[in-house]
Amino acid sequence: MTESLQELVARIPDGAMLVVPPDYSGVAIAATRALVERGVRDLHVVASPSSGIQSDLLIAAGCVRTMEAAAVTLGEFGVAPAFNAAVRAGSIRMLDSTCPALHAALNAAEKGLPFIPLRGLIGSDVLRHRPDWKTIQNPFSDTPDPIVLLPAIRPDIALFHAAAADREGNVWVGRRLELSVMAHAARQTLVTVERVLDTCFFDREELVPGVLPSLYVTAIAVAERGAWPLGIDEEYEPDAEAQARYARGALFMETV
Amino acid sequence: MTESLQELVARIPDGAMLVVPPDYSGVAIAATRALVERGVRDLHVVASPSSGIQSDLLIAAGCVRTMEAAAVTLGEFGVAPAFNAAVRAGSIRMLDSTCPALHAALNAAEKGLPFIPLRGLIGSDVLRHRPDWKTIQNPFSDTPDPIVLLPAIRPDIALFHAAAADREGNVWVGRRLELSVMAHAARQTLVTVERVLDTCFFDREELVPGVLPSLYVTAIAVAERGAWPLGIDEEYEPDAEAQARYARGALFMETV
Amino acid sequence: MDAALLINAIAELIGDAGHVATGALSPIPMAASMLARRRSGGKMRVTVLGSRRNSRFTGGAKELFDSAAQGRIDVFFLSGAQIDGEANINLLSIGDYEKPKVRFSGSFGSPYLYMLVPRVILFRPEHDRRALVPKVDFISAPGWSEPEVYRPGGPAALVTGKCLFDWRKDERRFALRSAHPGEDAASIRAATGFDYAEPATVPTTPVPDAALREEIRDLVRSEVAEVYPRFAEEFAV
Amino acid sequence: MDAALLINAIAELIGDAGHVATGALSPIPMAASMLARRRSGGKMRVTVLGSRRNSRFTGGAKELFDSAAQGRIDVFFLSGAQIDGEANINLLSIGDYEKPKVRFSGSFGSPYLYMLVPRVILFRPEHDRRALVPKVDFISAPGWSEPEVYRPGGPAALVTGKCLFDWRKDERRFALRSAHPGEDAASIRAATGFDYAEPATVPTTPVPDAALREEIRDLVRSEVAEVYPRFAEEFAV
């Protein structure tokens, strides 16, 4: 049922819109390194809603044309160096967004909606720099009430890392339901896991709410410690030392 | 932490908008009977998205002014007799809806949105009889593309039955996430449970995705077999005999 | 009514779909989906609303509707208290909307799923002029839409207790596909309140043999009974 | 910088809120929330983004934003690389947007939460004319909105390494509330790039005693370290 990391990332074509999770939700770093190795180009990376070392690696390797995110950061370890340099140099197209807008736009795709409204935003320069967002009068209000509409984001590919899949190809995401939203919204979903269990999650009713059904999963590859140097809650802590090394100026994946 | 059924239903004022779950999701029948006993009036009952014996009991007892649902039915046991008679007599105001519209309108309230779009609906007489729904041109399309906007439904009260709460007041809803949407959308949430466990669900990470946090729960009452004659998955099957008895023409709660 | 024949016929219509879902009050479509899945060697995905065993949804009641909008459901089933020749269905009431003569449960998800699921199979066992009408009293869900309306889905066929109809989208009408044993072109025409196309010779709907009937009985007992205990009980008789 | 003083001051500002949430990169607000919760006898609800122990959210990353829109979060924290006298905050970049001189991580949820959470406490330890400016280069989130804009939330206070400011919504400007030890009206005025109101005599921000410092150290060790290990390590020194 599973395939190799190389086979998995071969499913991501040049120019794909790729959605990735935040650093605390299971980031497929091993797959990202494989993706860099195969030399993917012109990705539109959507962070759901922020990203760190994963996007920085892809940007450093020249794989990214467009970055869409509420933030790109190494968190406690500081700025994302390649991202930072690329924005200042104008070498990537940056679509600045905000966390709830990314959640909402992916939620719209999940629901098959062309757009979804969102409160807030008005008066922010984030909105001013997004001509693809539209401000309309709330059609249900008799008094002036401007509200922003966001177009749905329907990614070609969702990519993330999880602790385990079962033998049916269902994936345990636990409380990281943002991973399910990504998978629902995307046309294809690629998952790396620490291991495949010879069980079916649906045999244990208490597990069901934290399961992403195989209906939404295109392919799975096993990648042990596949989130390193980030962590995955059930399995291992983030590796602070390795991240600090990266943040100290290493722009290339060899140094991680 | 818990209170009596009578105290619980005393929190539902006359005229309240009350959202209730479908028959398979944990229906608070015992609380409904207590609510009838206290003689509540003028309820606006919103089924999320359909309802059965619960709404029929409330309608039979004259507690309902407005019924909003995609369907009111006793399922395999046939028509809901009091509902049916009331619609034909014009003695309740019926807001006919459709399942995804109710889910979407509650989801809009959950997100604090005044409205949310929905596909489908166009050409249906359900839409034609809902002047509170608006059809607009999709602002993101250059070609004609009509789409329906639904106003958010923000209920005063959500009421449901679940297997268990923990000592913090968190409620196990499992895969019945429609209960969480109801609770998020409503101003107050009242829950009856089979029992309160002396544990904390958050101590077992695998349970977390199926938990409705106490943040959303206003009050809890213990009601053993509180869904009877409906069932609750982890606990007991629906009582077919009692439901059939009800369907055979008993319009009053004494007969259940 | 020969339920096994209907179950087999619907399973044939499902064919080799990737993902079939059944909604409320659908024991025969559920049984047919189970049969189609068995014939696929278990590869077909079947989602039964209200079932724990036959549902892999984990996101609550809305997931059916979201996944339909995502294009992840290929076949769904709907019925109608009335169905008309333009494939409009009425699940709501007979007579005036405000003062109905007969009121049914409601439109459920039909105004949405009928428009979003590519192949919707209509199933209405009672086949008479009260059910199959020239024009429905209330359009729960329309059989067709103007070209500017977003509508990836729609009707594929209509299965009744007397026959199978195909839906011809381009002609915007039904076409008789086969008559169940005991029926013929004339008896079906007489029982149908709307006009439809008809072939020169009308084939007979295949009749299940004893082995197939046993297989279906077994599926009803082992799978359908979980969701429809009364149907399963009556079916066993 | 006296982190314990800031933690205590922010805990005072939180007061007896029902539900406090902290977002990304907020170790001091998190510690302050832990202190405020302890002072409430555990009654206060605190949600820390990125924490398992100190979050009772179960619905994924969007739940913070949804619950804020529902009115279930009373206090939140934001910062700014630049903050101006109208309480606009800039988390994005310095200089021209298209060709920034300095680029930060991004605006996170600020364009939304600043407008929806009733009391947002701004926290910016570095207090100088580069941080507190007459006008931000980029408005990640505006300090105020026109009356027709839906905005139940907004700034409540600004906490820096030198002082506390209150936000006066009606006057649309900050007002000096207290100066930290070692600072006075003149030193704060000199370090601040925007105009603000000032009382005739400027109180001194309360300084934690040894017992309180020990309590705070304990909270940082036992709670904050889960989410901010580096901060906790440095704090212990």
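The chains carry the letters A, B, C and D, assigned in the order they are written, with residues numbered from 1 in each.
Here, a residue touches a chain if its C-beta (ideal position, glycine included) is under 8 Å from a C-beta of that chain, and two chains touch if they have at least 3 such contacts.
If you want to know which protein each chain is, UniProt gives these names: A, B, C, D = CoA synthetase.
Every value quoted in this text rests on a predicted model; they were computed, and no experiment measured them.
Considering every other chain in turn, the ones in contact with both chain B and chain D prove to be A.
Farthest from chain B, judged by the mean position of CA atoms in each chain, is D.
Taking A-D and A-C together, the pair of chains sharing more C-beta contacts is A-D. Remark: chain B and chain C have CA centroids separated by 28 Å (rounded to whole angstrom). Between chain A and chain C, the centres computed from C-alpha atoms are 39 Å apart. With each centre defined as the average position of its C-alpha atoms, the distance from chain C to chain D rounds to 58 Å.
Across the assembly, chain C contributes residues 52, 57-59, 65, 69, 116 that each touch 2 or more other chains.
Among the residues of chain B, those in touch with two or more other chains are 104, 111-113, 118-119, 145, 147, 175, 177, 180, 205, 208-210, 233. Taken together, the touching pairs give a contact graph of some other shape, not a line, ring, star or complete one.
Counting only pairs that meet the touch rule, the chains in contact are A-B, A-C, A-D, B-C, B-D.
Within the complex formed with chain B, the chain A residues making contact are 104, 111-119, 134, 136, 138-141, 145, 147, 149, 151, 173-175, 177, 205-210, 233-234.
Remark: chain C residues 24-25, 50, 52, 57-62, 65, 69, 91-93, 97-101, 103-116, 138-142, 145-146, 148-150, 228-231 touch chain B in the complex.
Residues 109-113, 170, 180, 184-185, 202, 205, 208-216 of chain B touch chain D in their complex. Residues 22, 24-25, 48-50, 69-73, 75-77, 79-80, 83-84, 87-88, 90, 96-101, 103-104, 107, 118-127, 129, 143-147, 175-181, 233, 240 of chain B touch chain C in their complex. Residues of chain C that touch chain A in their complex: 19, 45, 52, 56-59, 65-72, 116.
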